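Each of the next two complexes has chain A plus one more chain, namely chain B in the first and chain C in the second.
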Partner chain A sequence: MSATAREEILEQRSIRLPRLPAPVLLLMPAIVVLAAVVIVPLCLSLYSSFTPFRLTKPETFFVFIGLRNYANLLADWDFWAAFGRTVLLLTVALNLEMLLGLGLALMVEKATRGQRILRTLLMFPMMFSPILVGFQFKFMFNDNIGLVNNALQALGITGTAIPWLIEGHLAFIAILVAEIWSATAVFAILILAGLLAMPKEPLEAARVDGCTPWQTFRYVTWPFIMPFAYIAMTIRSLDVARAYDIVKIMTDGGPAKRTELLWTLISRTAYSDAKMGLANAMAYVSILLSILFTVYFFRKLAAARTQIGAEW
Partner chain B sequence: MRDENASHRLKRRLLKLAHAAGLFAAMTIICMPGLWIVLSSLRPTVEIMAKPPAWIPQELSLDAYVAMFSGVGKGGIPVLEYFRNSLIISVTSTVVAIAVGMAGGYAFARYRFRGKSGLFLGLMLTRTVPGIALSLPLFFVYARLGIIDTHFGLIMAYVALNVPFTIWLIDGFFRQVPKDLAEAAQIDGCTRWQAFWQVEFPLAGPGIASAGIFAFLTSWNEFALASQLTRSVNSKTLPVGLLDYTAEFTIDWRGMCALAVVMIIPALTLTFIVQKHLVSGLTSGAVKG
Partner chain C sequence: MATVSLKKLVKRYDNLEIVHGIDLDVADREFIALVGPSGCGKSTTLRMIAGLEDISDGAIEIGGRTVNDLPPRARNISMVFQSYALYPHMTVRENMGFSLKIANEPKAEIERRVNEAAAILDLNHLLERRPSQLSGGQRQRVAMGRAIVRQPDVFLFDEPLSNLDAKLRTQMRTEIKKLHAKVQSTVIYVTHDQVEAMTLADRIVIMRDGHIEQVGTPDEVFRRPATRFVAGFIGSPPMNLQEATVDDGKLRFANGSSLPLPRQFQPNVAAGQKVVFGLRPDDLYPTGHGINSGDDADVHGAELPVSITEPLGNETLVFAEFDGHDWVSRMLNPKPLKTGDRIGMSFDLSQAHLFSAETGRTLRG
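So, the complex of A and B:
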């Protein structure tokens, strides 16, 4: 067969095959992977949330009980306590992280010397695995040998050891501290990026027009850095469940379920109690919660973007 | 008049001092936990446990590291196996995620198609699924397929975990490369494929590398999925290995601190390399829309 003939055949073949548009082709691998590892298993877990499935009794996988798992959840006080605690933790943590991150970013931006090293230090907590954060704070908050208690006692602030991880409320605070320590950096760095990208003319104009520093910040700086803050929020909301690792290590939901979050409850129900069906129903509630957080911040992000776009 | 000047100067100096003090305090809080871990890994257990606390280290040694690497049965844990597993799984999943993410990111940055923003949000939403919630069905499916406790299973999971974020980052980096450049190359006779590899890819290269390092760190640090999908030294990663130092009621703090240091050093190095590109990649999409 001559070369031209082969080319002709190839030509014909490529005409006969419906050619997929380029973006579809390019996105295909991503969609296939996500479908295989996330979407299909999630469909499976959605189905099994309608069954009394237990790992120890495989035959229960095919018993359909409708919404009974969900009905049980609705009546389960422990579940709602965990749900409320999760929302509380996320709300408090995200707001504090945002505030602290903003403060840090403003301070670093003001620094006249050593900006580079400051920015590098700022990234430090980001490289810590959440599980490592958990261990490190479990170590530091240990009532007997922990750094925190040792320091407090040495400074004479408290005579007795404070039972950080043993008393419910204190344990919640300790977890909050760990969570904030590990995630404030995300906010600080992105807000700092916004501050550095900000044009200087509006600031000068505001000063010339006699704005107080607070007014300048509120009406000039803040609207500009808002999209950056929302990017940070979105990134954080993409993996809020990192808190699972921290809580799992620090208290594992204890003492007496006082720090139980949705995620620790799910893992206990699924792997310790082997109630997969019920755990999957819980998992779906937690997934919806995550999606809600993310969609909320995505929309905020989009709104902030268009606002900035309109002003420029 | 002079008084006013003097008080103004004093106020400014005080403000400056407060600023410096604030920065110092913040940086101390940020660095303290990490430094404490490094210090604790070098101290003998007696000193860690001492009551009243020994603030000034009396003796430092590398005993914890020696014990850790000396193997199972001699007070160590199979840290080399864990390290190898972590490395294989993280590197492979990163390479695959970057290849997949580059294709996807390019599609988002360069083409207009129907349902684009919806698809983007959809991809992102797959990332929001909490690891522990995803681990339930994955555990079941993997058990059926017999790929629990294998590298392959964890690699697949991490690729899926990393792809959405990689697409987001790489999309941002390709947007920063002007469209005209590739078009000019095509006018000069390049195919689209050539224009991509010779013009756009080199320009977006550093950004893509940092997206890769970010993906690597995610895999390197992941715990919720790894703890359920691994069983033995065949596939246990370092974060899961940390649990080897905990017993029912006691924790070997010194050994754990040593393993933590081993875990953090690669992450530390890589983050320093990417820090500049990482931020620009995350924010480029925000300002240009």
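So, the complex of A and C:
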């Protein structure tokens, strides 16, 4: 076949099958994968939140009811209670974790010897599955055989068995303790990283300028490590907003829904009650909460970074 | 304003002693430069004065008051750091006023003193900026401003110009000198740059390995170096230093060349004594191209081959070979020379230095 003939054939082919531009073609595998694992499920779940979809009645998936699920949610006291409880847990846990993490980081930074070992020890709670943390604290807070009551009674602080996981407020505190125990390390590690990255000379300048140790911390150290604290806050706000496993194990939202959080409620609605459409509507509202917190902390982070003139 | 006294000051890290009992008295309003190669203990000494390092032994007095156990904030000092150490999250105004704010000064007073310092340092237009928006020289000025507003007894400078480029360094050097003239306070200035020390200080303290080698005015340390180390450290290009043996009224060098024994040292040396002979490039010059500072009788002539020349425009550094070594000489009114040319060189021995080869100390009486 002559060269011109071959060119002709190629030309004909390209007319018959118009080729995609190279960039689109090269991105195709990524687009396909993304569509399969993210975009399609996202669209389907969003759509299903506008249907009365029940897992037990597949045909309900095709009944469009508009915003009725969302309207029901707005009037659903249980949902808003769980929502509020999640926000409360988020606020209290994050603040306490911040304070404790900051304290730990400051102490570890002072250590002249064995700092590496201390840093590794700090990470230990993060190495356990939240499910196991849940079981462990469920045991510790058990009113009959738990370590906590045992210790309180042995020390003579109380004579009665405190119903840790049975009384609503106490159960919330028990969950809070488990959350804090397992995640304070996130703050400690990130703030420690900030402390270690901090130039030492401004601290010395502050000492010469007349600062007491507290003033040095307040005016020099803290502004510098604030961005690191906000990074930890962002990560942890997402974590706590989707808190499920520890609560599921320790109280399963009980007693009488007193520790019900958003995701325990959503999973119960979706799987036990099989109301997938309603559960998806709840999930979308919850995600809004996470997004709001993330945006808030990112704003704070950006402001803190500008303030210290960070070049990262 | 205040005097500063160091009394048998010692610094030890575990068993390693790095400052070996130094004594120093700084007069009120004096500008003292601590100079020496890196690791000589000059910065450590300054940090002990500031209170940023503990004192292992001895005492520090500021204004007649022993401050050994006082924290930095109780010593009424200001310090300018090599890396400026500005607070990155504060504006220039806040940086400068910070120490006053901590001291609970009234707002109006802070405002007044910050503006005053800003005027001295020409920082008025930068007051609302943050350190990250400033150039190196501007940051340096802010660091100095921060020191000035406190109106301290003593200013401590820790290599403040080392992070600046050569041109800016020269400029800031002048500014520091002007500043000292204006604020009239005691200054202790650490540097490894002998030019900075020479140009700025009333007196220079030359340190080496945790000891003080010499304390003196710039003129003294230049013209009458107490040790071989000082002789080699101060002056650029450095003094020519070669070992020699005293032999029958002559100095005999290793490869057999000799020079007459300078007259001023004749009573102080014995035959056979090993010495180090020193002559500054200014006092070794191609005949007719230098200035004879003493008696003509003390000028010794020799014809030497040129190894290399470094023309600087107004003068040329000529490296000429004598006794197997290159000796650097300063040629005023330079004329072109090439490698290998043989030229007549004048050794102005009235300006020569002799040091004991053993102790390194000067043999001047």
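The rule is simple: the second predicted complex is superposed on the first by the 268 of 312 C-alpha atoms of A that agree within 3 Å, B and C clash if a C-alpha of one lies under 4 Å from a C-alpha of the other, contacts with A are read in each partner's own complex, and residues count from 1 in each chain.
We take it that contacts are C-beta pairs under 8 Å (C-beta built on N, C-alpha and C of every residue); 3 or more make two chains touch, one makes a residue touch a chain.
Bear in mind the structure is a predicted one, so any value in this text is a computation, not a measurement.
Asks: For the three-chain model obtained by superposing on chain A, do chain B and chain C clash or fit?
Replies: Once both complexes are aligned on chain A, chain B and chain C fit side by side.
Asks: Looking at the overlay, does A:Phe124 come into contact with chain B only (first), chain C only (second), both, or neither?
Replies: It touches chain B, and chain C stays clear.
Asks: In the overlaid three-chain picture, which partner chain does A:Val220 touch, first (chain B) or second (chain C), both, or neither?
Replies: Once the two structures are laid over each other on A, A:Val220 reaches chain C alone.
Asks: Looking only at chain A, is it chain B or chain C that touches more of its residues?
Replies: Chain A has more residues touched by B than by the other partner.
Asks: Output check: A:Asp209 vs chain B and chain C. Expected answer is one of first, second, both, neither. What do you get?
Replies: A:Asp209: touches chain C, not chain B.
Asks: Touch test for A:Glu201: chain B only (first), chain C only (second), both, or neither?
Replies: It touches chain C, and chain B stays clear.
Asks: Look at A:Val38 in the shared chain and tell me whether it touches chain B only, chain C only, both, or neither; answer first, second, both or neither.
Replies: first
Asks: With both complexes superposed on chain A, which partner does A:Gly84 reach: first (chain B), second (chain C), both or neither?
Replies: A:Gly84 contacts neither chain B nor chain C.
Asks: Can you work out, in whole Å, how close the C-alpha atoms of chain B and chain C get once everything is superposed?
Replies: The answer for the closest chain B-chain C C-alpha pair is 9 Å.
Asks: Find the residues of chain A that appear in the contact set with chain B and again in the contact set with chain C.
Replies: Touching chain B and chain C on chain A: residues 308-309.
Asks: Using the touch rule from the top, collect the residues of chain B that touch chain A in their complex.
Replies: Spelled out, the residues of chain B in touch with chain A are 19, 22-23, 26-27, 29-34, 36-37, 40, 48-49, 51-53, 55, 99-101, 103-104, 106-107, 111, 113, 119, 121, 123-138, 140-141, 156-157, 159-160, 163-165, 167, 217, 220-224, 228, 239, 242, 251, 253, 256-257, 260, 263-264, 267-268, 270-272, 275, 279-280, 282-283, 286-287, 289.
Asks: Spell out the residues on chain C that touch chain A in their complex, using ranges where they run on.
Replies: 50-52, 71-73, 77-79, 81, 83-89, 98-99, 102-103, 130-133, 146, 150
Asks: Spell out the residues on chain A that touch chain B in their complex, using ranges where they run on.
Replies: So the residues of chain A in touch with chain B come to 21-24, 26-30, 33-34, 36-42, 44-45, 48, 104, 107-108, 110-111, 118-133, 135-140, 144-145, 147, 150, 153-154, 181, 185, 189-190, 193-194, 197, 227-228, 230-231, 234-235, 237-241, 244-245, 248, 263, 266-267, 270-271, 276, 279-280, 283-284, 286-287, 290-291, 293-295, 298, 301, 304-306, 308-309.
Asks: Please name which positions on chain A make contact with chain C in the complex.
Replies: 199, 201-202, 204-212, 215, 219-220, 223-224, 307-309, 311
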